[in-house]
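Pasting the structures here.
Both complexes shown next keep chain A, but they swap its partner, so chain B is in the first and chain C is in the second.
Take a look at the complex of A and B:
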């Protein structure tokens, strides 16, 4: 509870410190605008036109339906990876044999291109939710697994010994010694896993489904509707930035505070 | 004064190791800022009255048939040289403790040069543009020569101040070349470039003033923390302002410029995030809010200019620019003369109803002037009243600070 209050208390200052980041986003948009002037509106619509399209799109209920479908798939896939990735990773970290054994398997999972997984999943599950969710899981699971594994592998033995010699009760040992350390590894892994899930869900939808934002992207592509395409991209990037910078980053900062 | 008592006094009071042993230096020439702060506020008041008479037609000064250009010129360069003179002659001996303060007779001659520059400006139709050019350019050139230590400093800690002054000198030369027919660039466009350079100078100078005085303020009030104005934050703001200025010169109507305006607005506002300290809360200190208001006004100016460029229904970019000039730059000068007026006359930074009013009235004047596009029907009243409201703080300054400027330092130190 104290932890949450601290995050909320620091939140306004955290938000205010974001002006520099906003400035660099605007610089990026300015470069985008130059691209529009050089290559024309068909190739690259102007930022202003894109944002106007976006506003009209967001007033349309069917667009929200597509967004919800995508959100559902991403969260189911990511949620399953989060639970199993963290649990299995933590467990594997406690046993040296398990970590040695799991390493190459993770490399195989990470090394396999997501597009190949999509193709396989389309053969296994057909066109639909399962294909997308499966692809999301295989893409984000290894990231979370490795993070959790590192978290337990790198636990400081001296600290463990100290906790033992002071005869700390198990709950103190867990919340004050192990948890902050493990969490500081697992949490960043969740963040990158989420980023991966959000990207993969769009790609899988584009190739394997007829609904969701990825499918809308495919439709706008076939109609050469570049403003809509870019507006969709803005929604994807915007929502990812919102989750990452507004929700996760403040938590991450608090979690990692003990490190300095 | 012995070393012990010098150590006891706070750090901005023991800035120079040597004080020149010139005899019979009158108090008003005892340190660089004194004569300037005695002359600049009344000059601003008088020139605003003169402008009011010129614009309303009671006073006939044709200004080479280009009154607007020359109005902008004087508000930018005429006041700038005085502000920079005060900042450099007061600040450099503090940044470089081995430097001998610039006082007495030599200070008097430089002040006469500045006054001559102002007189030649108002009589430009009689004395001609070349005299004005020579007097004003030599003033700036002298300032650059005076600041040469900054550039020659091996550590290059403050060299950016020197370089930007050289750039401003180049722009002023370019301006005079244009008005005298030796360059084809429209003089008003050059003045917009000058404004960008001056904003950069102000960001650089304010970073130093800010850090020095906010930390001193905290020391006075026993607030145990340290304020650091991080250079990268200021540099990002400077980068965006330079980009905006260059693009505005080359492509004044481009939509890209609009986004750059937003970028500059956000980057400048970012400077205020450093006021959030690690442990202590200082945003309840009036002086911190005063300094922050400079960046807020500059930011509003660039953001509104950006918005104007992206919005087809509104044409007010030069009105919005007054948030930068009337607002940001006006506040920056005000804060420099208030800060130096307290600290370098041997006093603590003190806020009162007068300092509150000086800042608030400038902000109100900037809003009155900058928001004219939204209140077109009252535009003539707003032009007049914003000028009047903007002048009052300088009258208040004279009331509060003249007695300090005309008497020796309160702590007995020379200067």
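Take a look at the complex of A and C:
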């Protein structure tokens, strides 16, 4: 609780530090506009046109429906990865054999291109929610798993010994000695897992479903509707930036305050 | 009667013999120091006595009601601030949080930490400050036996003296028994009822010195005099050979 209050208290200062980021976004938009003037509206619509399209789209209920479908798939896939990746990673980390055995599996999961997973999932599950969710899980699970595994494997034996010398009861050992260390590994892994999930969900939808934002992207592409395409891209990037910079980054800062 | 008794203690790490045939007894209210060159197995011996390492050969009997440990490297929790680190042992004993924080603040001030340091994380502390926090964490639980592993090695002279005074006071009041490790002979002479000289490769006790003058009556003259006496001892010169050069 104390923690949440501290995050909220430091939030304005954090926002203030974001001026640099905002300036660079505006710079980016300026270059975008130059690109529009050079190549024409068919190839690259102007930022203004894109944002106009975006506003009309956001007033359209059917667009929100697509966004919700995508959100649902991404959250289910990411949620499952988060729960199972963290738990299995912890478990594997506590047993040397398990962590050695899991390494090749992780390598396969990480090394296999997502597009190959999508194709396989289409064969196994057909065209629908399962295919997308499966792909999201396969892509984000190993990242979280490895984070949890490393967090557990790198626990400091000296601190465990110290905890024993003060006869810490098990709940203190867990919350005061193990958890903060493991969390400092798992949390960044959650963040990258989330970014991965959000990218993969669009890709899987584009190839394997007829609804969701990815599918909308496929439709707008086939109609050569560049403003809509770009507006969709802006939604995807905007939502990711919102989650990452407004929600996760402030938490991460507080959580890692004690680090060098 | 509370006491710590070590009998015929041997220890190996792998095939390396670290300790050979260690024998001593620490009685209640006593301060026993183990002095020796670094790498001699002092830390290992202390860990064996405190039950942090399993005894392989020999016997360690500890009948003290409670004990606590100040580690050579501090071993503070990096994600807790100074006060929360100090309070750790109190909370583990089931002390109420508000009382634990109160006691921790008091002892922190007594050990030369300042109020502005209370919220700092260990990464923002100097080596000496970390040692003080570790020392405070071990003392605040008021153990009947205290294990100290070179607790003052990173402190400057003034502060070292201050903390030594704290210990001397506690010994004079018979509040505590201490097993103390140092490589500083003068420090040992100032504080101990008994000094064991541990020689390296493998660690074994070569000499034993006892001092009956109460600690709070020992002055610099006494310490220097006794040091000079000891330093004429051939065994000592041999043990500390490397360090005297």
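The definition used in the following text is that the second predicted complex is superposed on the first by the 260 of 260 C-alpha atoms of A that agree within 3 Å, B and C clash if a C-alpha of one lies under 4 Å from a C-alpha of the other, contacts with A are read in each partner's own complex, and residues count from 1 in each chain.
Please note the rule applied: contacts are C-beta pairs under 8 Å (C-beta built on N, C-alpha and C of every residue); 3 or more make two chains touch, one makes a residue touch a chain.
Quick caveat, the model's predicted, so the values are computed rather than measured.
Q: For A:158, decide between first (touching chain B), second (touching chain C), both and neither.
A: In the superposed model, A:158 contacts chain C only, not chain B.
Q: If we overlay the two complexes on their shared chain A, which of chain B and chain C does A:17 touch? Say first, second, both or neither.
A: In the superposed model, A:17 contacts chain B only, not chain C.
Q: So in the superposed three-chain picture, is A:29 touching just chain B, just chain C, both, or none of them (first/second/both/neither)?
A: A:29 contacts chain B only, not chain C.
Q: By the touch definition at the top of the document, which applies to A:170: first (chain B), second (chain C), both, or neither?
A: neither
Q: Looking at chain A, which of its residues have contacts with both chain B and chain C?
A: none
Q: Taking the touch rule as given, give the residues of chain C at its contact with chain A in the complex, in rising order.
A: Residue list for chain C touching chain A: 47, 50, 52, 68-69, 71, 73, 75, 77-80, 88-89, 91-93, 121-123, 137, 141.
Q: Help me check something: in the complex, which residues belonging to chain A touch chain B?
A: On the chain A side, the touching residues are 13, 16-17, 19-20, 22-24, 26-27, 29-30, 33-34, 37, 46-48.
Q: Please output the residues of chain A touching chain C within their complex, sorted ascending.
A: Touch list, chain A to chain C: 158-159, 161-162, 164-169, 172, 176-177, 180-181, 184, 257-260.
Q: List the residues on chain B that touch chain A in their complex, please.
A: 233, 236-237, 240, 243, 254-256, 259-260, 262-264, 266-267, 269-270, 272-273, 276, 310
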